[in-house]
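Heads up, the thing below is written out as structure tokens.
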Amino acid sequence: MLDKNGIAKRIAKEIKDGFYVNLGIGIPTLVANYIPQELNVVLQSENGLLGMGPFPYEGEEDPDLINAGKQTITTLNGSAFFDSAMSFGMIRAQKIDLTILGAMEVSENGDIANWKIPGKLVKGMGGAMDLVASAKNIIVAMQHINKAGESKILPQCTLPLTGVACVKKIVTELAVLDVVPEGGFKLIERAPGVSVEEIKAATAGKLIVEGDIPEMEI
Amino acid sequence: MINKVVPDAQTAVSDIVNGMTLMFGGFGLCGIPENCIAALVEKGIKELTCISNNAGVDDFGLGLMLKQRQLKKMIASYVGENAEFERQLLSGELEVDLIPQGTLATRCLAAGYGMPAIFTPAGVGTEIAEGKEMRNFNGKEYLMEMAFDADFALVKAWKGDTAGNLIYKATARNFNHVMAMAGKITIAEVEHLVPAGELDPDHIHTPGVYVQRIFEGKDYEKRIEQRTVRSR
Amino acid sequence: MLDKNGIAKRIAKEIKDGFYVNLGIGIPTLVANYIPQELNVVLQSENGLLGMGPFPYEGEEDPDLINAGKQTITTLNGSAFFDSAMSFGMIRAQKIDLTILGAMEVSENGDIANWKIPGKLVKGMGGAMDLVASAKNIIVAMQHINKAGESKILPQCTLPLTGVACVKKIVTELAVLDVVPEGGFKLIERAPGVSVEEIKAATAGKLIVEGDIPEMEI
Amino acid sequence: MINKVVPDAQTAVSDIVNGMTLMFGGFGLCGIPENCIAALVEKGIKELTCISNNAGVDDFGLGLMLKQRQLKKMIASYVGENAEFERQLLSGELEVDLIPQGTLATRCLAAGYGMPAIFTPAGVGTEIAEGKEMRNFNGKEYLMEMAFDADFALVKAWKGDTAGNLIYKATARNFNHVMAMAGKITIAEVEHLVPAGELDPDHIHTPGVYVQRIFEGKDYEKRIEQRTVRSR
């Protein structure tokens, strides 16, 4: 079973040289720590930055320089600032190659819910609806099971949707799943020490298992 | 050149009255118009509709106006840092319209660029699409979203000149530029107000034609929400 | 009768303190020379400049700094550059207080034609269609009569239109005319030495003459 | 950072072929991509659809491509400086779509911002409106105009870095910025190519994400169309 850093590490392997990537809040933010040095990758922060660098050294925090999670950050050589309209302009125009974000639920056809629990939690969708509606490729980083022990990988989402038929891949503490065009979750890899049976038990939606399922290399 | 300078925040907001629609620049607490917010809190006007990406925190930013119950309605994309906000929302004291961040930004752009409506795929297939016109272009569905119509935009820039030209710093540009363009009347507060001619015309982000009033703010707190650092 | 500079001089009197003004090619460009020094007026050039200054001194021409008429110009203290989308954005959003442009024909209801003579001349509309469709106030600078001796102030335009019901005021070599909401050209002023009869003779559209018509002061 | 540098104009345009749709930045001869145009003239490809505010003059800019009859169609707002253009137009050799300048710019913006269509009042009631969808918003009529779909955008900037970030000078920004955002593939030629990190991130006009190839151009002529001066 993977911890949060393990999930982030596995997702980092999906990033290719030359990619522009948008990382959501939570586990996706950790992905930045595992992108191989030799790859040329540019991180977009939707509050107006291309080329997000690491956190600043203590004492060098700049209140005018934050990421979409409101964390203090730094720039890199080649960074560019822009306004929010241009930021979502480039997102809508599909100039961002990969979006990685968290989810409360994902359904068999790739629907995602991650912004609202009616009557309980209303934080808002932020930029997530724009990102999932336009991204060329979306990977979800999430826990397979919620705190009540219920699967979050479902036939259909029960929570208000963020986007429809958009998720391409899911990485959880248990597995890597592809959302296939005909509907369903195709099991691609198992987390270290996790069996296919355990993944089956944790997946409420249709799980497609074909042949031997390799264990992740992370 | 036309001189847009007013002496202070109090003067700048003097004709903002109960029931108006106001835009506030900033993302989280980054780049918010601190002086204008303080002046509006002092002024105590109510029944305001506020358009802002976030709603501040409990004791800073728009949170100060929420605490005084000056807002009737909030149009925002993310409000997850504010307990008072959640209380007013759940109690029904506050009307809230949560919309996607890109839709928020682009509805500002539309207003600033004289476009009555724009098309975006954000929210298609979700509750955001309810009651909205949908349209298919090249096989993809889009929602038609209307330009904002705000009485005032209150924005914060790093530098500004007496002609109203604005330059933002780093990610504090965020919604400030698009809202500066979107307001019927735009009030800009700046950290450094300089005479016209001191800013390089190639470096200006918001041309002065979009700004009706400008003043140099004071006592900027510039609070950090998430202080994240690495060790040396 | 006014020459081109006289027309420009008379139009300059319509400009008020604090105005942002867009000047078209031809006579409108000359208006800049007659704006009183004491007024704070900003000239917009739709190719991307607010705060257009005078022509450069010889030897100081910059090929990267031109106006919409492709003339070399200069900036002023407080000028700002921007791209063409923002330029027409501010025009559509009615941030420009006054547009002054030339015309081939103007009609009684304020239609304007100035971009095409079918089969003869097709230069294109440039920014004129955007300007007339959005401007709060439009003044036309034009000759009352064309080279063939025909009136250009007409009941209806005969040439392809640039915009509909948009012209508010016309200044010609003979007169100042207001286009009135109910249709027709209300005679406001006569050029020096020009009689009402002469203006009537030169105006094919409905001319409204009420009371004594003063002579222009320019 | 991603390196976008290619050695020269010839390499940059190597995969542009007959029949493609190309955008050219510039206003008149100000800010045109001189090196790219020269490379396309040399390459001799034909049947091109060109989107450009103007069509150059007889012996410079797009006029050079017109002279070689490389263009099938021209989409522009003003073409009044070019006798060869007029000849090809009247003889029917060249298809021409004249559109309002703001519509041209905004259809570029729409492409760069992923908006399939925009609304503008420009051309309502004129022959430009023929066959187009009209729509009334708040009592005013607008035309719906579609985003451009160009295979390549060829733009010229003053400075650029290896990551593709661009800074324009003065009014040479014009259509270059919006077309840089609009092209499916954008080629930028710059007067000064510098390493990533040399440009201030606050001064960048076009972020590198919009630029796929960049090179330092040479032998810029930067011809002036109307040399107007005042006496000292």
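Residue numbering begins at 1 within each chain, and the chains themselves are lettered A, B, C and D in the order written.
Note that a contact is a pair of C-beta atoms (placed from the backbone, for glycine too) under 8 Å apart; a residue touches a chain by one contact, two chains touch by 3 or more.
Just so you know, these numbers come straight off a predicted model, no measurement behind them.
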Message = With a step meaning a move to a chain it touches, how many steps does the shortest path from subunit B to subunit D take?
response = 1
Key: Winner on C-beta contact pairs when B-C is weighed against C-D   = C-D
Note = Of all chains, the one whose CA centroid lies most distant from that of subunit B is C
Query = Roughly how far is subunit A from subunit C, going centre to centre by Cα mean, in whole Å?
reply = 56
Request  = For subunit B and subunit C, let me know how many angstrom lie between their CA-based centres, rounded off.
outcome  = 36
Note = So, in whole Å, the Cα centroid of subunit A is separated from that of subunit B by 28
Key: Shared-contact residues (touching 2 or more other chains) in subunit A   = 49, 75, 81-82, 85, 88-89, 91-92, 134
Key: Residues of subunit D whose C-beta touches two or more other chains   = 106, 109, 113, 115, 120, 168-170, 173, 201-202
Task = Return all touching chain pairs.
result = A-B, A-D, B-C, B-D, C-D
Request  = In the complex, go through subunit D and note every residue touching subunit A.
outcome  = 1-3, 111-115, 161-163, 165, 181, 195-197, 201-202, 204, 207-210
Ask   = For subunit D, which residues are in contact with subunit B within the complex?
value = 106, 109, 113, 115-120, 137-138, 140, 142, 167-170, 173, 201-203
Task = Please name which positions on subunit D make contact with subunit C in the complex.
result = 27-31, 53, 76-81, 86, 89, 96, 98-106, 108-109, 120-128, 158, 168-178, 205, 222-232
Remark   = So, in the complex, the side of subunit C touching subunit D is made of residues 45-49, 54-58, 60-73, 75, 81-85, 87-89, 91-92, 111, 122-130, 133-134, 160-165
Query = What residues on subunit C touch subunit B, complex-wise?
reply = 18, 20, 40-42, 44, 49-51, 75-82, 85-86, 88-96, 134
